[in-house]
Every structure is written in structure tokens, then in C-alpha cells.
Amino acid sequence: MSQKKIHVAVIGATGMVGQQYLSILSGHPWFEVTVLAASAKSAGRTYGEAVRGRWHLEKSVPEEFTGMMVIDALDIKTVKARADLVFSAISLSPDDTIKLEDAYASEGLWVVSNNSAHRNTPDVPMIIPEVNPGHLAVLKDQRRRLGKGAGGIAVKPNCSIQGFVMTLAPLYEAGWVPSNLITTNFQAVSGAGYPGQASLDVIDNCLPLPGEEHKTMTEPLKIFGRVQDGRIVQKEDLRISAHCMRVPVIHGHLSAVSLGFAGETPGMEKVISLWKEWMPLPQSLKLPSAPLQPIHVFSEPDRPQHRLDRDIEKGMAAAAGRLRECSVLDLRYTCLSHNTIRGAAGGAILTAELMTHEGYVTSRR
Amino acid sequence: MSQKKIHVAVIGATGMVGQQYLSILSGHPWFEVTVLAASAKSAGRTYGEAVRGRWHLEKSVPEEFTGMMVIDALDIKTVKARADLVFSAISLSPDDTIKLEDAYASEGLWVVSNNSAHRNTPDVPMIIPEVNPGHLAVLKDQRRRLGKGAGGIAVKPNCSIQGFVMTLAPLYEAGWVPSNLITTNFQAVSGAGYPGQASLDVIDNCLPLPGEEHKTMTEPLKIFGRVQDGRIVQKEDLRISAHCMRVPVIHGHLSAVSLGFAGETPGMEKVISLWKEWMPLPQSLKLPSAPLQPIHVFSEPDRPQHRLDRDIEKGMAAAAGRLRECSVLDLRYTCLSHNTIRGAAGGAILTAELMTHEGYVTSRR
Amino acid sequence: MSQKKIHVAVIGATGMVGQQYLSILSGHPWFEVTVLAASAKSAGRTYGEAVRGRWHLEKSVPEEFTGMMVIDALDIKTVKARADLVFSAISLSPDDTIKLEDAYASEGLWVVSNNSAHRNTPDVPMIIPEVNPGHLAVLKDQRRRLGKGAGGIAVKPNCSIQGFVMTLAPLYEAGWVPSNLITTNFQAVSGAGYPGQASLDVIDNCLPLPGEEHKTMTEPLKIFGRVQDGRIVQKEDLRISAHCMRVPVIHGHLSAVSLGFAGETPGMEKVISLWKEWMPLPQSLKLPSAPLQPIHVFSEPDRPQHRLDRDIEKGMAAAAGRLRECSVLDLRYTCLSHNTIRGAAGGAILTAELMTHEGYVTSRR
Amino acid sequence: MSQKKIHVAVIGATGMVGQQYLSILSGHPWFEVTVLAASAKSAGRTYGEAVRGRWHLEKSVPEEFTGMMVIDALDIKTVKARADLVFSAISLSPDDTIKLEDAYASEGLWVVSNNSAHRNTPDVPMIIPEVNPGHLAVLKDQRRRLGKGAGGIAVKPNCSIQGFVMTLAPLYEAGWVPSNLITTNFQAVSGAGYPGQASLDVIDNCLPLPGEEHKTMTEPLKIFGRVQDGRIVQKEDLRISAHCMRVPVIHGHLSAVSLGFAGETPGMEKVISLWKEWMPLPQSLKLPSAPLQPIHVFSEPDRPQHRLDRDIEKGMAAAAGRLRECSVLDLRYTCLSHNTIRGAAGGAILTAELMTHEGYVTSRR
């Protein structure tokens, strides 16, 4: 591993996901946070002041960050001077996000982004390290496009797909062919940031989330796509239908899945053993943030549950359970993933660890 | 209509559903509550005392009932002496429920039950008055089985199917053939009665309800079944798969439905007009508790919602919305029904109104 | 009563309180809503469009308003042309609120306001019709100040004091002297409007409301003050201390009160009979929105409760209960009031009814 | 410290508090859990089986306990044979609790109890180790009463007083004299165990807890009492008044306190420095479960909050904040304590550590 720590900038550091980044990066063995950036209105204040009354995590602000000065995210020169790697979780319009992330990358920085802006860009890989590490291959072409001296950009998928995509991967890898998936998502309020979801919407109520459904149905097709001519080509023989609802829960997105296969259907014991024994790349590489076991399987009929199971392996593992037959498709089950950890900051950090291990991200110091 | 009011006994009057019965029956034009019955431990007290600290409705106890004495549900003689019709919502074992309801009916009483015990009895009709009023025909054979002088028993289906079953009926009636349905249910806590669902299960959490799923998948098959030789024969060409979850909501069960058709699929405008224009028997008969419009259709992308829409038409109508295409089956949508009103007491009262109109239930006074 | 209906403008009609106004004013015997006004960005659309996705009441939009065009609140000429009386619930800065409300009044309109801006103006009466109807006397001096042809302005107090102020009034009227009061408030989220309180603040959490405490401690002093030289002089011999917290409840503010008296302390039976028998002016005048009984007293040890008791008398009555001795002061009890009905729109409407009955507000048509 | 680990029995191991005991005792440096006991109906099953579907903590069952056999709590012989120290959290009638705890102690076992049964026994110390460690002195007389060879019994106070009692202690120690205290408690549902508080009581609602108030008002008087003739004599010059309410929060009891002093009132800066600098016995002894700082003081106007601050120092510290003047008494503030950790299992473990350090509890092995 690189002996010098990678210097890291967190962009959008004062928001919900930014807070989660700092909570996870505190004490990270490879990465050292050297830049906290946010919108102009937070810039020029210490981080402690900037998040006063806006800190929403159960753990308090890591001490090393409270006195650090927040800079303007648009001050690319300073970011470049102090950091090698950028975690981008700033809230801008899609166009402005693309412009900003491209600017970082063009200046030689590596960018791992939680924003949706670049998810449809064919040469920007959308990575779940356990599922499609090979998609990093398109970075080569992307960098050529961005120009000489460029770093590169990878993105995280939407938090709403994190759980069920992980349950499909070991099935594909073992030769079964999931082809039809209907998911109904029970999504937590922290997915909307702060202030985010109004309390009037989720006390004694659940709220439809039409805006989440398109992402949930299309992003997995890119993740399970193939690399061809320096671009990701979407998978064609998988159809996904999604109902997304906000529920009165702080953290954790749960998917109630019905799944159909092309060709033969694996037996339930087979599925369970494939899930339990799955040992993909981040686990075999023992990346620092990789959960020991990416999927924890429950046999109890009433698990997983948001409150009890979202924090498994520090919120980095998925929880799956309630596997049973589906009278319409083939199988049904539920799975759960922590949306601001595995589904956002933690997932991006694991991606950056993979990119560091693969030699993309290096210390320039 | 009968000029004398039907005398009514509410069995299980102190429970959640029993409370809802009294709230709806207060001032009913055809029915007069003359018996409040419950388990032996509530018997011998006034209703006001019996529900002190256990009343959970937003409306307070109707005044005419507070001073009425609660009797033991097992005191069949007294029930018979004072009532013509029994609403049965008592919590007993299935065997004891069947024994009690049969005893009432054998004594000449008419029984409409919220209990699940008799739902699988082939000559006991499970009625949603808008959907399968013709199933009352099996009462004739049932009464023959119960013996000379018997009344008869009809049951309500489980509250978890009320919403989506109503959305299917007008499609069938118009000649389309729903054949595959996957529903994920967001079910309210009042469905479990009081004390019922523990708060630790539903604060910052949702809870799997494996016990609700079998009922949700099988009961519609009886409701859409056909009468043959004095029994209901289940529908065979409809497959239903259900995920049931408890959510932190007081009232209202919402179903997120994906629906597939055998043969042609109706267009979305067609479905909406069938829902809006549906005018089944209870509406054309103008039964007192029938909602003017059994299905209210929403065009807003974020409706229906539990808190805002469960009380439509006093909780007796279903709310449907979010109709859109399903990439796996054909269509998807959500629908909502008030679980303790339409899905329990109100639905049973409407059934009793239908049975009264059809001449089954009459006043013996 | 006036034979012609008073024409009424609701300013801030699209907000939470504005919605509540329309819900209550629909079918009002004296008032007819002729103007719906809001900020410039809602102006020019029908009311139905303007509140699409922003309607948060359990009852749906009254039909007569859905097609009505929303106008700009700053268009004073149009408001004047079409209305006699203005209900002001718009969200502006205090200075802009004062400017707008003064402008309405100077043009001859009568204004009843939910805004806090004018609460400290000594010649603007802050009215709870059951408690201080005599304070309307200062309107005479206020109108002189506002200039020739002016109408006048009255305001509602903050929703956080509505419950406990009503419990004190009958005690004062009977000659007892409450002098020390400590209240801890359990305040509902609808008090913050929409989107208002973030869900992250109130799921599995309660939130301190420092900004509500000053109002809660000082406004009752004006309400119990005396008229002198055309102004309200604050009561001096009452000290109030308040802790305000937001709780995960949709509607209803509950106060846990400890109360001390100067001089003798009334016995608990005395307090209860004073509360029960209180029959102040709005009740003896039978104003249309006056609850039959302004304070409903509970003897159950676990009442009042937000969900069960906030809607008493359509949300216009206060609920009091749990009266017991206080080992530090003299008595303690809890009381509850619906914050967006009695504590906001409904209370203002009752004030306008009183002003109409007293001859201040008249139809100019 | 004793070199051999103390063998520990957890009685009532399957309940909410019992689960918390095991979660904290897993890996404890001084104590080793050798007995898991519960009611007869759980006995004879492994712990894993016994809590299946009943485990309610965010951390999962510590692995070392899942296979351990649960025994009957009434099997005193086995408990005695395997343990030195008993943590008693079983749910029995007060009489049966006293009988059982006396039986353990008479057999030579040391008992630290979460039950309320013995709290009024004058020679049973009710201990908060930071506040009244000297009360252990009465154990000598208690053991004489219990008979030759007896161990002894200490109890934990009710979770509803944990927070505010800790805020008073450093004031007393510095010579100030708190004499009047009014607290309104916002208590979490986990305080009622499982299934405990019904969800219908706390969704969109808060629930009065009359049964908690007497304990809250009287137990501090024993804790601040003095030892005289082998018994605790209650403090007489402190008056406490309490309003207790259940709020829709999983963990954490928050008290909104108004406090009056006999004699001089300390300034707010003084109070804050006394709280911050308080370093009582458990901290100077560095007992394993003692928080580094028993009271964490917040300066933010909106802290402490249940969700954000209950877990400070693993749930063992109190959080205090919002100190401001009270217009009726002298000062007001809020304080928060984790009810099932510091207020139950964790507090009892800290008491046992103190008793071990003081030489009462020893290993007999």
C-alpha cells in the first residue's frame, strides 16, 4: 500500500453525507482529510461553526475537524494544492456539478462522487466495488477525454439500489440469470439530507417518491453492464420495476424484492449459500472499509429490520432475509442497506480504496 | 326498507374494532345496538368503565353506550333475546370462534364476522359488497347445514386485501383479465388492535408481518371465486404474491401493486375511467354506509398517502393513484383503504346492510 | 346579525394556516371568502394548482376554492375592492408584516392576524375571545392613529399559550390569583408550517424550541393586562416560565403546568367546577365558532392526549386534566389545544366573529 | 483489583434490561457472566432461542451467550453454585421480587437490582455511584438482618431520575442548596420494556405516565439522604414535583428542570463549571464503566437532544444544557440520560464495580 497517506478533500462537507464522510474518515489508515469545502456561504468559518445546529449524526463531530477552516468548493486551486482525491457530495444543479467535477479532474485530481449528474456519462464508471470493479477500466478513456494530466471521475449509484444490487451479483457470478425484478423500497428520511424531508410528510404517514423510481430501475443496468470500446454498455436482459416510498425511519433503505430468472431458478438453499459465501474482490483484498461479509443472511422470519440491522459491520454490509417463493415470479426476499453509510459516504470511500489499490489514486506528496 | 330497526349485538365491543363498530353504528338508520358483549372479564361493567383507559379512537365514546352494561359473549341466550344480528369481533382461538359463531347462527341469529376462523369454510361467503354480492347465495346451503331455524354467517376478508381487491373488480367486470399481482403492503398499527403492535417495533423501524401474507395471497381467490353446488370455489387463474410490512402509521393499509394481465392489457386511461365510473350494487342501492364513489382516483404523483387520504368518504372508499407502466408486469399503482373502518367494522356493516336489503336479515320484533 | 355576509380575504392562503382557514370558513354562516392572496410566486394560479403537492390537511381542499384565482397579497387595491375583513397569515419579515397589515387597515379593512409582528404594539389588542374581549376597546385609539377611514387590527397570540391561558381565566374571574406558572410544552410539528420542521429533528427525537419560549412567557401578560389610556398595560403580578419542545406529533400543543397562587389556593374540586362551568362571552353570545364548553375536563389519569383529544368541539375547545397537587407550587395539571385550529385559524375566526358582533366589522356591500 | 473474575448471574436475562446487561458485560474486565436466568417458561432453552424474535437492541446478541442455557431464576442453588454476584432485572410482583432477592442474598450472593421492590427498604442502599457511594455503609446492618453468611442487596433508582439527580450532586457538594425542583420528563419507550408501550399510544401522540411520577418525586430524597443507625434517612429540605410523559423516542429520558435554591443562587457560569469539573469517586477510581466526565455540558441552544446525545460515553454520561434563568424559581435547564444503559443495566454494573472495589463483592472461586 502507499506509504504516504492520500490527501483528501470532502466537498459538501457540511451536509448530511459530508458529515458521514468525516465520521468515517476520522482515523482512516490510507486517507487524510486536508480540505473541507462547501458552498460560499459556509466558507471562511471553522467546520465547528459551520455545522452548529446542523449536525445530525448520532456520533459527535470528530475533534480534528472542528477547528479546520471550510473553503469554497469553487476554489479549485486550493483544493488541488492540498488534496489528491476529492469526495464530491455538494448540492448543485446537474450542470454545475458536472462542470465542477470535470474541473477537479482536469486539474489532475481524482474524484469519487455521490452526485447523480455523471451517472449517465458512459465513460464514468458507477462502482459498487464488490459488484463491478472491472468497470474502472473505462477511466483510461475518460482521462483521455478530460485532457492531459487529468485525474478521473468515478461515481456511486443511488442509495436506493445498494441493497438489492448486492444480492444479485453472487447469483450472476454463479451462472444463474436474474431477469425480472420488482422492488418496493422503504426508504429512510436521511436519504433526503437536512432539512430534507418535512416531518408533516412522515409522521403517521408514508410518502411516495416518484423521483427515486427511475434511478432505481435504470442504474443497476449500467452496473451490470459490460465495458466495450471504453464505455459502459447497459445490460439489456434485466428488467426492473420499482415502487419507492419514504417511511418514518432515520436511516436504512429496505427493499421488498420479487425476482424472476431466465432459465433455471436456483433453490432457496442455493441462494442462501451463494449469499453467505460470496467473497468478492474488496473482501479478498481486505480493503480497509470492506465488510468482512458483504451480505449477512437472516433466517428469522421478522428480519432484517431497519433499526436493528442497518448498522451491521459499521453500516457497510447488506442484510438479506425472508427468502421465500414468489407465486408470480420465482423468489422473494427483503434486503437492507444503510443509506448514508454504505449507500453514500462509506460506499464512495470503499470505491476510493479500490481505486487506490489499483494504482489510480496516488499520493503526489 | 324494514320499518323496524334491526337489533344488533356487537361482540368484542371493547376492542379496537368493537370501538369502531360503535362509533359507526351510533345513529345508524337501520340498526340499533342493543347488546354489547365481550369476554367474561369485561362483563358486568358499564361500557364506559370497560373501555376506560382503553379507548383509542379520535372520536370519543358515543354517549348512548357509556352507561350500557357489557354482557358475556358466551351468554347466547341473552344475545338471542335482545338481538337479530351479531357483529362478531371477539378475540378467541379459531376453534372457539367457530363454535361461538355457529352457536349464534344455530339459534337463529345472523352473524357478520371480522374473525378469520370461518374464512375458509366453503359455504360461508366472504363478502365485499361491491365485489361479490352474489356469494350470499351460499347462505341457503349453509343454513341447511346449521339446522332448522338457523340464521347464517358471512365474513369480512382480512383488512390487508381490501384496497387492491376493489381495484381489480371493475377490470374483471369490463372483461379484462388480471392474472398476476404482486403487492407490497404498508400496514398501519391499528390493524393489530390494542395493545397490539409494540412501539419498539415501529419507532424508527418497519416490521415484517409474515403472518399476514398468506391471507393476503389466498383470500382474494375466494372473493373472485364462483358459486357452485352451494359452495364457493376459488378462482384458479389469478396468482398473488404479497410482502406485508407494518409501518409507523396509525390507520390505513396501502398496497404498492404490480399487475399483469392474461390477454390484452387495458390502457391507463381505460383503467382510470373504469375505476372512476364503477357503480356496483351497494352504490346503485344507495345502502346507508356505501361510499358514493367506491374508488377515488388521484392524479397527483404523490397521492394517495395514509394520513391525507384514508378518511375519504368516512373511511369507506378506497383511494387509488400513481398508475404507471410496470417494466416487469403490465401496470403498477398504489391503493389505500382505512383498515379499521372499510377494512373491518365499516365493511362488515355494509355487508349487513346488503344482507338486510336482500331480505336475509329481518327484525323479529 | 348582519344580513349580508362579510367578504373575507385570506392572506397567506396557500400555507398551513391558510389551508386551515379555508377548511373552517367553508360554509361559514357570516363570512364569505372572496379573496385568496399569497406571495407573488403563487399569484396568478388557481388555488388548486397553487396547493398541489402542498396540501397537508386530513380534509381535502373545499371544492369552492379549487378554481379561485390566487392574487398577490401586495395588491391592496384588489383586496380592498373585494373584501371587508382580512385574515393575515402570510410569512414575511416582521417589518414587512407590519407595513402590509397597516396598509390594509389604513385602507379601511379590518385585519385579524396570526403574525407575531403586531403583538407588542400597545394599541393592537391580542385577543382570546373568552378571556379578554374587553381589550377590543383599544381599537378606537388605534384607528385614530392609523388615520381617517381606517379599519383596525387585532392579533391572535402564539399557539403555545392557547391552552394554559384559557385555564387561568376562570380562576381569575372567580377571584383567585394565579401568580406563578411553570409550563413545559409538548408542541406539534404543524406549528412550524410546511415544510417547517425537518423530519430528522423529530423521528426518535424531541427538539428544543428556544424561540418559542419568550413568546410563551410574555404574551399572557398582555392578554391578562388592563386597558389604560387607549393601550394595553401588561399584567405585572404574574410570572411565567416556559420550556418549549417539539414532539413527533402532527397537531396539538400540550402544556404540563405547575401553578402557584398569591393568597389562598382553590381546592381541586373548586378548580374543576370553575373550569367546567365557565361560560364566557363567546359562549353566551353563541358565536358560530365558539365551542359549547371552552374547557373540557378529564378525570382519567391518562388524559388529555394529543391524538385523542385535540379535535374536541372541532378543535376549538381546550382539554384539561390530571389536576393534582404540586409539591413545589400549589397545583399541577396538563392542558391541550389544537394549534392550527384554536391556536391559529379557528381562534382568529372566533375573534373576527366577536368583532363583527360588537359592530366593528361590517359589510360595506 | 481482584485477579480472578467475579462470576455474574443475570436474572431476567431475556428482557429489555437483561439484553442491555449482556451487551455491556460482554468483554467486561472484572465480571464474567456464568448464569443466565429467567422465568420458568424461558428456562431450558439456549439464550439464542429464548430471545429469538425478542431481541431489541441495535447491537446483535453477543456471540458468547447465544449457546448458553437459560436456567430458572427460582433455582437459587444453581445460581449460588455458579455466581458470586447477581444482577436482578426480573419482572415479578414486588413481594415475589423481595422474596427472591432476599433468598439470593441470604445464600451469600451479592445482588444489584433494577427492581423497585427494595427501594423503600431503609437498609437497602439505592446507589448512583457518583452521588452517594457512602450509602453502601448500611450494607453492614442489612447483612446482619439477612443472617449469617449473607451477601447483600443494593438497588438502582428509577431511570426517570438519573439525569437530574446527577446535575444536583455537584451543586450540593460545592455548598449550594437546591431546595425546589420541578421536572417535566420526556421518557423513551424502551423504559417500558418489550412489548411494553403500545404503538397506538405513541404514534402521533404522547402519553401521561402517572405511575412514574411518585418514584420521580421521592427516590431522590433517599439518594440525597443521610446514613443514621444503619439506615438511610430521607432528605427533608428538598421538594420535587414531576410531570412524566412518554414520547415517541426509542431511548433516552430527558428532564426539563426548573430549580430553586435555599439561600444564594449560584451564577450560571458557576453551575456550568461545577458540572464540567465534577470528578466524583467512580471517575477518580477509574472504575471500568465510569464515564470520563459524568456530565457533558452543551452550550448550543438546541441541545441536548434524545437521538444525538443519549449515547455519549457509551450511554453512561448525562448530558446537560440550555441553562437559563427561571422567572419563577431560579434556574432552568434540560438534562438527558440513556434510560436502559445509565438508567438501568449500565448504572447497576457501575454500582457493582464500586461494590467490588470497596471489597464487598469478591470472587469465591
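In order of appearance the chains are A, B, C and D, and numbering begins at 1 in each one.
Here is the rule we use: a residue touches a chain if its C-beta (ideal position, glycine included) is under 8 Å from a C-beta of that chain, and two chains touch if they have at least 3 such contacts.
Quick caveat, the model's predicted, so the values are computed rather than measured.
J.: Touching both subunit C and subunit D, which chains are there?
T.: Per touch definition, common to subunit C and subunit D: A, B.
J.: Is the C-beta contact count larger for A-C or for A-D?
T.: Result of the comparison of A-C and A-D: A-C.
J.: In whole angstrom, what separates the CA-based centres of subunit A and subunit B?
T.: Using C-alpha averages as centres, the distance is 44 Å.
J.: State, to the nearest whole Å, the distance from the C-alpha centre of subunit A to the C-alpha centre of subunit C.
T.: Subunit A and subunit C have C-alpha centres separated by 47 Å.
J.: Could you state the distance in Å from the CA-based centre of subunit A to that of subunit D?
T.: Subunit A and subunit D have C-alpha centres separated by 41 Å.
J.: At least two partner chains per residue is the criterion; list those residues in subunit B.
T.: 56, 201, 203-204, 248-250, 301-302, 307-308, in rising order.
J.: Over in the complex, which subunit B residues touch subunit C? Could you list them?
T.: The contact residues of subunit B facing subunit C are 52-53, 55-60, 203-204, 250, 300-302, 307-308, 311-312.
J.: Which of the residues in subunit D end up touching subunit C in this complex?
T.: So the residues of subunit D in touch with subunit C come to 180-182, 184, 186, 201, 203-208, 210, 217, 239-241, 243, 245, 247-250, 254, 256, 258, 260, 301-303, 305-308, 322, 326-329, 332, 334.
J.: Can you tell me which positions in subunit A touch subunit C when the two form their complex?
T.: 16, 56, 189-190, 194-204, 248-250
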